[in-house]
Structure formats: C-alpha cells, structure tokens
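In order of appearance the chains are A, B, C and D, and numbering begins at 1 in each one.
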Amino acid sequence: MSEADLSAFIEREFPQVRGDFAVERLTEEGIVIRLKVTERHLRPGGTVSGPSIFGLADVAVYLALLARIGPVALAVTTNASVDFLRKPEAGRDLIAEARLLKLGRVLVVGDVLIRSEGREAPVARASMTYSIPPDRIAATAST
Amino acid sequence: MSEADLSAFIEREFPQVRGDFAVERLTEEGIVIRLKVTERHLRPGGTVSGPSIFGLADVAVYLALLARIGPVALAVTTNASVDFLRKPEAGRDLIAEARLLKLGRVLVVGDVLIRSEGREAPVARASMTYSIPPDRIAATAST
Amino acid sequence: MSEADLSAFIEREFPQVRGDFAVERLTEEGIVIRLKVTERHLRPGGTVSGPSIFGLADVAVYLALLARIGPVALAVTTNASVDFLRKPEAGRDLIAEARLLKLGRVLVVGDVLIRSEGREAPVARASMTYSIPPDRIAATAST
Amino acid sequence: MSEADLSAFIEREFPQVRGDFAVERLTEEGIVIRLKVTERHLRPGGTVSGPSIFGLADVAVYLALLARIGPVALAVTTNASVDFLRKPEAGRDLIAEARLLKLGRVLVVGDVLIRSEGREAPVARASMTYSIPPDRIAATAST
C-alpha cells in the first residue's frame, strides 16, 4: 500500500480517530507516522496522555504491517510493551518511527520510537505484537 | 483515600476522561474500577479500543496507589506491558481489578486483570510501573 | 499430565536444568514450581541471578500449559515481560505460582508471581506468551 | 569505560558467567556484545536457551550504561520485556546491539537487538530498565 492508500485506509476504517494521524513517509524498515496533537490528546499540564501515545504506537506498527502485506489481514494486537521516557514538549506533534522486526505467518512484531517533532531524545519506546487469524494465514506473506 | 475521595480526585484532576470511570470498591490488595463503555471507546465492530483498555489499566493501578499513599505524590507512568487476551463483549462495561505488588520509595508496580462485566475469562492483563519524583520521595511511604 | 508426569517430562526434555526445578502442586488455575537455589543460580552478594528468575518464570508457565493440554504441543516462548520487585532472600528457594490466562489455538498466555519461600512479598512478576506451531493446532485444545 | 575496562569489569564482577561474553565495540548509541555460545547455553535441538538470551540482553544494556557513567553505580534491573522472534542458527555466536534511550537520575532505559552472527534477521528484541539506588543518585550523570 502506498502512503495515500494508507491514509485513506485510516480515514475509512477508524472513524473515531479521523484526523488524528498522518502518514509522513514509508521507510526501508517501516513507516513514519505523525500524531497531530490537539486538546483532546492532552492531560492537565499540557502533556500528551498515555492512551494517546499508546494509540500512536499501535497505529504506527499496524500501518507498517499493512504497507507490507496490504489491507487483507485483520491483524489483532496481542501484546504491547511501552516505556515512557520523557515528557513530550508542549505544542509539538509527536512523530513515530516504526519498523517491522518479524513478519511471520501468525505473528507480526514491530517496534517504534516516538519523539516530539524536531527533537532527538525519544518520548517513548514501544514494541507491539499482532496475531493474524489462522483463516487468513494462507492469504498473507511468510518469513 | 476513600472510594468517594478517589472518585472526586478523578473528576477534578482528569477532566478529559470525566464520567468514564467509576470506583467500584477498595480491596485488600488494591481496587476495582469500572470503565463505563460508550460510543467513543469503541472501534468498528463494537469492540473496545486498545487505547481505552490501556487507559483503564493505567487509571486502575494509579488509583490503587493513591488509595494507599494519598494524593500527595505525582507518580508518572514509566512502563506498561499489556496482553490483549480476548475481544470484549459488546454492550458490557469493563471491570478492572488492580493490585499493588511493590510500593517502593521511587518505583511502584501493580498489575491488573480486565474482564467484561459478569464474565470470568479476562479480556486483558496489564502490569504498570510508576516513578515517584525524587523530590517527593521524602513525603511518601516506603516498603 | 499429573505432577509426577510433569517432573519426569522436565528431567527427560531439559537435561541442562536437571535437578533445578520441582513441581510443588497443581492448582485450579495453574501450577506451583520450586527453584532449588544453588551456587550456580547466584550472583555475587548471594542474590539469585536475573536469568535464573527468568528461567523459573518460563518453566512455570510452560508446565502450567502442559498440565492442561499434555505433552503434544511444542510451544515456543514468543514474549516475556518481567518486573523485578525485590531482592530474593539469601538461602531460600524461590516459589513460582503460575496461572493460565488464555489457552487459544495459536497463543497461550500466563502470568506468574515469584516469592522467596515462606515470604509474602513477591520477588518478581512475569507474563509469558507461547505460540503453538500451526501444524500442531489441530492436535490441541481450543478456547 | 573503554572496551578493555568493561571486559575486565565483567570478568571480575560476574565470575559465574566468566568467558561467556566479549565486548565487540562501543558505538555512538551504545555497545555491541558477543555471547560465545557453548554447550551450556543450548537446549535440546541446538537452540540457545531463553535464559541465555535474556542474560545477553541484560548484560549488553548494562554495559552500555557502564560505558557511559563508569563503574560507580550499582544499577539494578527492574523491568525486562523480551520478544523472541526467530530460532537462533546452530553453531553461531549471538551478537547483541544495545543502545541507551534514557539515562535519568533514577531510571535508565535501553533496548537491544540480538542476531545470529552474520545474519540480518533478528533473533530477539529486548528492552531493559535499571534503577539507580537513590543514595547513588548524587554520584551519577543526569539527563
């Protein structure tokens, strides 16, 4: 799937988060996704909420997967591990760089680094595992 | 903090999630929290979204901590590990049972089981770590 | 599998850890396993090493799985999340209480609390995920 | 600490794993560590055991920390999250590339990719958190 395909896919399939995410670019290992931070992602004090950071990590690795295998597989998140490293900077979007580490027949694993836009030090690190339902296995790529 | 104190604390400190959570009861090891599932927690197909489940786990362990040490400490989530086990049942609230496993001077660890109300099989399991800022250490309990 | 079956299974299949583990008892939710702590599990200062605690968690959940489905499935550990909570007490065995949280066709998830024998406060908490190879799926139980 | 200092430190402080690890090189972000795979790291079938992979991940991130702050701090592992991605290749050492993501006053977080020597596809991914005891805080670097 191209960047435009992925953007259209999010808008169509995830109406609840419409407008939250933008596909920045595909990379050799995965994808770069932007969270357009608005009032509803914030906690008192101006920091981005934990659930918003979790959601960004989940979307980023999921789209890295779809970019590789197409929209056929209904992958389900089975495990997430997140380290919250620093407070995001107020007034900046979050940029997530996701890469796929394993694209198996039943399990897909990727990780992601999240930064405040324009900053080097990461705000969060996450690794995500997805399970591809067995009846979809035949339709997807193998590693 | 009592159940009423904790409920008032959520409403006051977390206006973005006002009305989402209810304190069901304090337990010997921790606390039971309800996520009042509404449209905005759902994904297409009627399942509760990953960020909503993450948020419930985070709030539940955080309130288990506040119930023990009071509202003084500004604990920050530093690590979260979540296993998504089953699809939540449509039309049911989620019930989270959290317990504290460690209440240290600088680190607090708890875990939580989340179920669809009235069901035995868990929907998710999570463990959460919180860091208590060093300048607050003197003010909090030790284990 | 009974307690004796499981003990025989460990001795036969894992010669490298022969003598390390004992099956204490099966429980309604899982199993209780003892790590017989000896010199080779220790780090300087007398604390049990991280890899030894990891190995105990892995064996405990794995045996909880075998107790339920029998020795047929070649389950492979795919994810482990461990919180190290306290220093184990010198001169005491470690006791691991494992429970199965999900026994699916392709994924099995369990968690475990590890304590120094006779003590209440946990030394470590871990959650483990196992994948059952697709060609074995037909042979195993479903949830 | 230089590569030679770190090698001497492992030999002196961790006699139980003497000879297991070699410091390959320091990198801009961290360190590269080799596990010299021998019989005692193997499981039946010739695969490297889970505890050995865990131990490699732990040592690698720990040495990345010592390389940066020196041997003063007695850092303690508090959390580990490991994804086991592929079976290691028989007859090859494992190479771990660790990087530090956060070097705080009380918490240090790093992650690591582990590969069979000469292969591109990773065998495992891990993230590790270390706590620096409060009484050592004054003596160590801050981020």
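Rule of thumb we're sticking to: a contact is a pair of C-beta atoms (placed from the backbone, for glycine too) under 8 Å apart; a residue touches a chain by one contact, two chains touch by 3 or more.
All of these numbers come straight from a predicted model, not from anything done at the bench.
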| item | value |
| --- | --- |
| C-D or B-C, whichever has more C-beta pairs in contact | C-D |
| Distance-maximising chain from chain A - centres being C-alpha averages | C |
| Between chain B and chain C, centroid-to-centroid distance (C-alpha), Å | 27 |
| Inter-centroid spacing, chain C versus chain A (mean Cα positions, whole Å) | 32 |
| For chain C paired with chain D, centre-to-centre distance based on mean C-alpha positions, whole Å | 23 |
| Overlap residues in chain A, where contacts from two or more other chains coincide | 78-79, 81, 83, 129 |
| Touching residues on chain B, where the partner in the complex is chain A | 13-16, 40, 42-44, 49-52, 54-55, 58, 76-84 |
| Touching residues (chain side chain C, partner chain B) in the complex | 81, 83, 85-86, 101-102, 109, 111, 113, 121-122, 125, 127, 129, 143 |
| Interfacial residue positions of chain D with respect to chain B in the complex | 78-79, 81, 105-107, 129, 131, 134, 137 |
